[in-house]
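Letters A, B, C and D mark the chains as written, and numbering starts fresh at 1 in each.
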């Protein structure tokens, strides 16, 4: 078992020495430690990974002890134990490639989590959830009843103790209220290289503009649609020969990879968010 | 010597057979032929490269003959002879890397052209033109005298029989009138992945948005600033660790390559423009 | 319906004009035409795609007629009709990601073929074939009985009228005799950037050499192990932090993509083979 | 001024806490710290960057003090002060693009060093050194006099207090004796993706094998030709259309970039070498 602390705080001298000494003096072997100082905004970010064998007390005691230490240095922090499998809900509409990809990676053991359910506003992809024996909930968005539908989704997420919501091409705009329930816990895939082509139908617009590269962007959902902190982006070269339909097809491979990487980084506790930016310790 | 015809026309059947037969029957060996049918807009594009040894008449006669043929099929066309070295003017301001790169490639024989002059609105880069023994003209843009400066530039371009203007980080917006003198003959490099970050200071804005990829775009200048037909784009991955200054630095390598490729494709007569799109036969 | 002709022959003048005229005069609309002249070996390659609506006779008649024409010009050729779905057998051992990927793409309609069976020398991946409702045949290779096993495989391939065999991480070396039954019809994925790390355990050897990039190679199987004509290659950047296990994991995404692209190009009749090289008209 | 310590040692617990505390207690602000634990070989690597304002003693005193500390923990280490400009010799033969690129980057201020001389075994590139006002020494390798030539080169390097030798397409094999004078201080660019195509004429051999990607490798020169620790690699996609001459041309851009990055990482003290591997803290 490993223990990972994610820490952010105002930058000042002695942070590395003091934090690493805290864990060393507590008897931990530090397996990995990554830091980043944002000198422009004077902020400090750290991910420290400890060998769990060093834990001589209860987890609660470790946390209480660290909390006292953190207060001294004004640290914001969270702790994660590798023997806990985070619980992930996948939300989809009618597009299947990202759902397939995530379920396949899960089956292969490439992403460390439980996937207790798939939620959709359409019945179309139930067969895929079935293939992988994951419960599928269809909650259509009826006209004028978005609020009720979101309430039903939130209830399901809560009942299943969900830690992370992955919008794997869920083609609905979530309300601010919904998003507020899962801050920095909703990952969305946008099928364009943001901030180019925000909003709908990006492949058609990419075709119309005549770009020579298309991309995809995984980001945390915030109340600013397509404006949340970017986690991963990637691109693919295209040419004049590609129709909008080709772009959609080519884009699928980029979307799959970008979303899978973002989910993986999140589940491995490699991401810290600050001022609409992500610090990703790959 | 090679002869290259660039052709565009409304799509209809028989174009390939008829055009290739025209050249075959005229005694030419076709070295390369690339076609593209834009099925959405029903347009046809062709680049055909002939062995110049097949030319039994004068160039003028070939052109007259082909013109008659082209009229029949409603072809728009241009012809290019590989023993002519197109004449290129480079325009710069204070940023040197693209200028260096183009002059170096020219010296190495990697781009097939003459570079009879470098024009700038600042004196700063004269030493580079000097290094490569290329005449340097400094034409500052004085307040309220943009028109006069452009007139002076146009005069220089005309005197030097310029075929292609390369804006290698020339930080002035050209007037519509100026651009009208060189339609599809002015290549600009924009230091962002268009259409993201159109306009000024794109690296700072990329930093502020927290993107994970930066890019560069070479395009033909049109009256729509940063909106002209895109020729080449490329990108580089970045991380949270990069400051705006780092992005500028990293971006230099992308800008250099993207601009050099666009210039090369243009000089090799590989580009056709239609409806603000480029067809690039690489 | 589309008709695709793949043609190769010694290079001489008039090929493009004569071949395109043949089809034009036969009443066909040429949708796409790609050519390539290998000037070093003086060979000519063409892929020509016709609108099937132009077919006024039977397919057999078209082929007979073209065969007479081809004899005149010394053309080697094959013809493919888009309403035929090629029949693909996937061969695997214990590694699942490429199998998953191909079955998923097939389900999504991204690769145009039938997959009537999966063959393996191990029972491990039967559950995946089951998930996608594809018959699974387990034919273990018992000591000293490779010949018998290959005979059983060949019998299955023949019974199912297989056009293409995809070795999606099938960890057995095929005999020359086996390969001779399917010339240019067996695609293998090698988990390295060939010709680096030919043979076994390439990721461990990549780690040991300390490379900064790993890759994958899809190629046609020939009697020269890992030496067949390369169809697609791609790579991923790595760093000193990656263990051999990480490389295996990272490599999976490259392998998936590279194999899927090679299979797609083959099924779209975009590949011609000559002298251990592929001409791929993307 | 910044101070950078590069440290390697057998791995054991407490290294991070103890080393960072050493510098913190000495009054330094730690600007950056990167660590890597090679768990397979049980080795620890660190790059720590200090704000030079913390230096209250002489540099010699700091080094003496750290040396005592290092002895306790069995650390191998080196220290680098950012106000020192390392002295770089560039060695070339007849190929100019890497020389151009390095001199241009130096002029632009992108690589932090002095370049007091260029050495070649041919007179061809003197004009480039002249353009950039760098002294050029031509030391031809006469038959049977390689030893004498190397002695002359070594004398020049020593006279100019050279810290780093960059073989920017120097087409001579250095003797073991020569290399022993500059351990981990000679960077070579190989125009292939090592370990593929070790030795001569890699582009021709890449063409013959029919690869779909070409690459370049920057590595430290060791007595094992083309076998030294790899620093940077990159690649470019190619197709069947590219002749060996095209590959050479395309390869130039990869070579330039790869060599420039390796030189930059070295000059920024980002590289540690261990067991023929590099740890590169980008």
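Note that in this section contacts are C-beta pairs under 8 Å (C-beta built on N, C-alpha and C of every residue); 3 or more make two chains touch, one makes a residue touch a chain.
Just so it is clear, the structure is predicted and the values come from calculations on it, not from any experiment.
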| query | Does A-B or A-C have the larger number of C-beta pairs in contact? | reply | A-B
| note | Max Cα-centre separation from chain D goes to chain C
| So what's the Cα centroid distance for chain A and chain C, whole Å? | 36
| query | Taking each chain's centre as the mean position of its Cα atoms, how many Å separate chain A from chain B? | reply | 41
| field | chain C - residues contacting chain A, complex | value | 96-97, 100-101, 104, 107-108, 110, 131-132, 249, 252-253, 257
| remark: Counting only contacts in the complex, chain A reaches chain B at residues 36, 38-40, 193-197, 209-213, 215, 229-235, 239-241, 243, 276-280, 282
| Touching residues on chain C, where the partner in the complex is chain B | 13-14, 16-18, 20-21, 23-25, 29-35, 37
